[in-house]
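To keep things simple, chains are lettered A, B, C, D, E and F as they appear, and every chain counts its residues starting from 1.
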């Protein structure tokens, strides 16, 4: 069984840097959940984790295992791909739900549902 | 020296991710609205996935990868169900 | 060909996924991957997802590079917004953009790209008016966002026509 | 044993399991077919268990240990056939057969997948009786419980659902306790096999023994919920009374599973070989059992409806057994086993009888209305297939059956209920002639008193309810009862009569069973040293 | 030969049931023949018994317990047999005429024969327990006989009281008999009768005595258990004549006499038996005077006479025992005839009320004469049999047996009671046969049919003959009986009418004259027609009994049931938790338990932080479960996620995968259900608004929860910090690959080492899916959840308001983009499932995980397209998948039988295929395929069944409300 | 590690038990779920805690408890998870049916005073 300490120093430093960077990005993204004041603004926070955080940590993982095991198969790419594809679905639905609710509660800072031209005449 | 750096940086990264989870939890617990909670859960899932990946790096073991992959591929199912419930009052129509 | 391999791109994607998952190019693995990806595509046919005519698949690579670049940029930007002190709240707002994409898959891809990019979120698409409502975290660069989205749309139109 | 005969051991589990699988996709409208397949399966199981009883009674060494997957104990899961498990299997499958036949008159039409669930219940029961592994026991326990949930809810309706909710909630909590207990035992001893545990307990370090005992006590609570010990049993009369008759009849054995496992744990694991832990929990059983008898008897008296009366009778039966087990008179064990068989058969017959009797009365009309409503739900099969012909003198037969039930429940002579009570008393006063007084503790006397009082309570209550039903209500319409409904009742009661007539051989079997149970090390040795098929 | 006594009546009883109900004569002839046969056999056996032999018959029943079917006939038993069978014949003859056309006679005679058999069983039992068996049988059969006319409420009450009293006595007596048997070492009567000293000197003697007396005294209607007998008079008169004079009530005194040699003679015996007997003797006679019902009078008289016999037996003197036996016979003779006479009067006049009867002598002189003679016997008039035994009683009463007040009181009580007997006998005769011609009788009286009177003729003749020449008639039979009880202790006694002028004779004279005087003194009082004796009338036995019974068995029982039990769930749960705590803690506390050292070092801060999140999730979920269900569910998901990461962290990737997948499906399931729950909006949850009781209850539950959590925490911490014991895991780790063919040991355990668990586990899943499916088919949602959710209504309303939109446009619109992606995810999920399945044996994954993953793929489609959309395109047969899955699993396991191995023995082979190379073919994989199929089917079935409610319920609702609307229009 | 996990088990148990004693069916089902997490972790803990020692053998390997964590509790937990899942589903449907029939989500099918 291999250990992380088996990595050559350059790779170790790179892996650690990527990992830390990714984790930090993710942390900031989650911090956004805390700090941003409005739901629609908070909607952007998770995407930092799903994009920046995921890419960086996956890169760290790819690099780590590529060096450790000498293989060049990047199955972490699957994670990047699927996270990128699936997270937006939830966010879209959530955004629409919020939109619907705000309209229903007649909040003013939300755009109305677009009316077709026919309707307006 | 380098070993120590590796250990500490992995530890730091994991702690950051766990902290990120705590932030997401805050949003879940506080709301104020249901969509905020679901957003928090979605974030929690992604953070958990990254934590798992980092754990894979830490142990240099690939067997933990599948759990992360499952979160990536179908983890969104529960948040979609929640979001749809919010939107339509019903998960499956 | 269509009856046997209704969604070639899907099957290819599934096959690649299989190989990546198994991290193996052994004959058995390849054969199993081929069979599985064909069978799954065939089952998917029953759900009748919209078929797209893909023309210039080569352009897809360019799009990908473009997207990754944008993602990195907006990551930095949004990180900055979050870390800014509370005294300067984010200047967020809604944006309605007219689109002329018809292909469902292309639209879905566009939605993914827009939403996956920090700082923009796809909210609501109106099929009749062909408009999309987007929320952006930094409304000051409204023109930039319109340009970006239209840019993606153009690239997608090239691929899906 | 002939080699293929060895595989008979697993059939009581596999046959119903496979048949259930076959039954699942068959259209609900082909009820006759489903019923026939289910009946055939239950019949096969019954025949197999009869053979198993004979094999167990023969008791040649080296038989009756079935190593699933050909892995030896304590590593793999083994099924263990001894006299006790064979007896329980036979009893369970006999009841199942009766309930199965009864259900085919009408109740199986009152909901979907009755026969599949029923087969799975049989499989679960048989598994619980056969397995020699604590965690596998949990699995079969859950299987049995899950099927019982499904069957209790069979035919739906507010009463059943309300009762079901409580039943399920409590049993789910109890299942959590089961898991905690089992895993705690594993965490300290490193084994899940009961026979292995029995041998390990004596040599365990004291600080670990504490935890085994704590685990066993928690496990015990879970089983006592199932066995219906007061105060864990308030759900039971309600649930049993709410269940449809064939289901309630099959439930009569469910509480006995709890008892069965308590017997196993008490006499195998904490038996004579358990060192300092021998007899662990005995006082709790005595106190709990006696309180259960008292509560059951009070409930029997307080019951207005026969269903609840039967439910409380279940408690009386459980309490009698638990206390008998706890009192620790070895001579009582055989009597207790006899009592177990007799009371189970009686209560099952009574559950089946109740609906037939009440059908003629106004109160029964409601039950029937529920049935009819159940028919109505799928419009296309209104056609009511009556199996057999209505028998003349229905009331006479029902009355006779009721009398037999009353006699059996109150332990009046000459039937098995009396013999069982006599055997218990005979075993209780087991001191030598001179020190009989000294050997009989206050607990023993309390037990005797409770036995008398519970018999009296059953007599008064059955009397009251029987008079009201058969003597005081001449105006009530004579119920329409078909042969397949009354036949199982008669067969079950007939079994009691047979048991009474053949009490000698039966008691010999029980005595041999008791002797087996009282020598746990022999049992453990047999389980642990059974050879694998094909060497090594 | 003895078995005839049991066999014939019971077989006859069985046959008699099947006689047609209109065949009164034939049934009676049949029953009579059986009784006669028994009588003749009895008669035939006399020479053997008379020569001092004891007849035995034994059949093994339960030799292990010493309970055998032993019949034993000695002189005493013979005498009883003769009594039972002879009077039986007479009663059958009588009943033939007594029973009305419309009475279901076969049932009567069947029960009658059964009773005769039971009674013969009691007297012939050679085994104590067998005696108890027949004893209770007489109770049961008598219950049915008393309740023969069950349309009559009195009959029902009488039957119930009789059974309750005698049954209870029988139950206690059984205990006594068992103890005697254990003291003696055998239940065999011969052995018992030979162990008198052992029994009398045993520390449990008094206990045994009390237990047995409870049986004997209840059966013989002795004070204070006497009150059931008068109520048993609701029975047809033949039953009263037989059971309540000659036979059943004699069973109690029979038992006392039977056990007399081994139990009598002690002070306890004297006090207990004597006190009961004397009280009964006096009170019975006193009560009898004041009865208005003929049979009531006879019943109290019977009680009194039984008291007399009991007193005789209590004295412990052999001579008294002789008198007792003698009186048993005498009483049977005259009382049976009196009952029959009363029955004739009732039969011919239609009433038994002495207030209405009078002057019957002119209508039925013969019957009247017979009744007068029998009454005289009852009163103890000389030259009749009653006089003889009463003289013997008086003689014994004045003897001193033990020096105590009871013994002193005996002669006085005896005299007074005899006086009362004269009074009530006189009253019986005088008020029925003399006086004015009756005017308001329901029927015009005349003599009964000749053969109906014949039994009385015979019995009264017997009274006379025995009364005049006792030594030549009853003498030898009595002697045989007495010898068999007393053996060598048999005293000299003389059966003669005249013993000279002695104290007993004076007592008789006092009684006779006093009785007559009393009658004439009381005539005016009796003429008032008040039922029952003065003073005592107010505390009538039966009413007290009824009230006590109702109070005890009904009111108390019901309130106790409510006090001791509950039908509410929360208290039950609380008890369960509490008892589990007690159970878990007590071994640790009792045996002592040292706290493990607290290990803080080595805690990973990230892990700790993770669990801080997990703990917050758990607590939050609990807090929000009442008013913020969605939040609670989301937090539950968080707790599940932390659990999942924990599994990964601590080397259980398989668990993590499964936990995660299950978590997702559970969330969807609960969400599906949430739609059908009532809205619950945060109420007044401020501290002031909550009642104090509620707060107290919550605090208690909170404490209970804290203790439970703390307990489990402590236990788990302690065990986890201890070294792992030698476990079976070593075996699995060593063999998983070599013999199980897989590197993922957990999976090999699941499909091979402990594959049977997995089989059971998928069966559970299958059961639950079927249950859910079946239950939901009958699901009736509450009206308020029937409507489509508010969101949908608003959105549909929006669609309706806009002419360019059609219903459902809104949903189509907002799902437009998401559904494209969700649809493409379907094959991806399939690929993931295939991957998880195939690697399971070697790496984390397996059939279960694959099945759940695949089912999530289906859920996604349902969520995106809706139920109808999916089902128009995909034909899903979850039931079939389940069936096939279970069958595959079972068949795979059974496949090993072909190779002669036990069920589930796995075989792992490598097949070499062209191009592809070696392919692992493990039977365990096939088993796992079954798991996959079943899990997929079951999960999908549950989800779909729930989802279908949204489609089904509104439709059903519409269908149900349509007729109403039409009606309204 | 042990301390953290056992604290987690304790809190999960306490939350679950508290909910189990509440009057609303939904509270009970959440309680049962929390309790089942606790129980699963408890079972798991009975095999002791090891980091990075998953019981996955090298191909052809023979394992022992020195190198690998105890796989038995893991197998037990897997079974328990599945059964727990099934029971949650069942209880959910029963509580829905109960609510449908009785009109209330009280565990006793009717509102009690002071809950």
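Criterion: contacts are C-beta pairs under 8 Å (C-beta built on N, C-alpha and C of every residue); 3 or more make two chains touch, one makes a residue touch a chain.
Quantities reported herein were computed from a predicted structural model and do not represent experimental measurements.
Counting only chains that touch, the fewest steps needed to get from subunit B to subunit C is 2. With every chain reduced to the mean of its CA atoms, the largest distance from subunit B is reached by E. Ranked by distance of CA centroids from subunit C, the top chain is E. Across C-E and A-C, the chain pair carrying more C-beta contacts is A-C.
Relative to the centroid of every protein C-alpha atom shown, the closest chain centre, again from C-alpha atoms, is found for D. Computed from the mean C-alpha positions, the centre of subunit E lies at a distance of 39 Å from the centre of subunit F. Look at where the CA atoms of subunit B average out and do the same for subunit E: the two points lie 59 Å apart.
One inter-chain figure worth recording: subunit A and subunit E are separated by 68 Å, centre to centre, where each centre is the mean of the chain's CA atoms. Centroids of subunit A and subunit B (each the mean of its C-alpha atoms) stand 10 Å apart.
Shared interface positions of subunit E, i.e. residues touching 2 or more other chains, are given as 567, 569, 573, 577, 604, 607, 633, 649, 653, 674, 712, 719-720, 724, 727-729, 732, 754, 757, 761, 764, 767-768, 771, 775, 778, 791, 795, 804, 814, 817-818, 821-822, 825, 828, 832, 843-844, 946.
For subunit A, residues touching at least two other chains, in rising order: 29, 31, 43, 45, 50, 75, 78, 82, 85-89, 91-93, 96, 100, 113, 116.
Within subunit D, residues 135, 139, 142, 146, 149, 153, 156, 161, 165-166, 169, 173, 180, 184, 186-187, 192 each touch two or more of the remaining chains. Working note: touching chain pairs come out as A-B, A-C, A-E, B-E, B-F, C-E, D-E, D-F, E-F. Of all the residues in subunit E, the ones that touch subunit A in their complex are 791, 794-795, 798, 802-804, 814, 817-818, 821-822, 825, 828. Those residues of subunit E lying in contact with subunit F across their complex are 567-570, 573-574, 577, 598-600, 602-604, 607-608, 611, 614-615, 618-619, 621-622, 625-626, 629, 632-633, 636, 639-640, 642-643, 646-647, 649-655, 658-659, 662, 665-666, 669-670, 673-674, 676-678, 680, 691, 693-694, 697, 701-702, 704-706, 708-710, 712-714, 716-717, 719-721, 723-724, 727-730, 732-734, 736-738, 743-746, 749-750, 754, 757-758, 761-762, 764-765, 767-769, 771-772, 775-776, 778-782, 785, 842-844, 848, 935, 938, 942, 946. Those residues of subunit A lying in contact with subunit E across their complex are 82, 85-86, 88-89, 92-93, 96, 100, 104, 113, 115-116, 118-119.
Considering their complex, residues 1-27, 29-31, 33-34, 37-38, 40-42, 44-65, 68-72, 74-75, 77-79, 81-90, 92-97, 99-101, 103-105, 107-108, 112, 114-115 of subunit F touch subunit E. Residue ranges of subunit D in contact with subunit F, taken from their complex: 135, 139, 142, 146, 149, 153, 156-158, 161-162, 164-166, 168-169, 172-173, 175-176, 179-180, 182-184, 186-187, 192.
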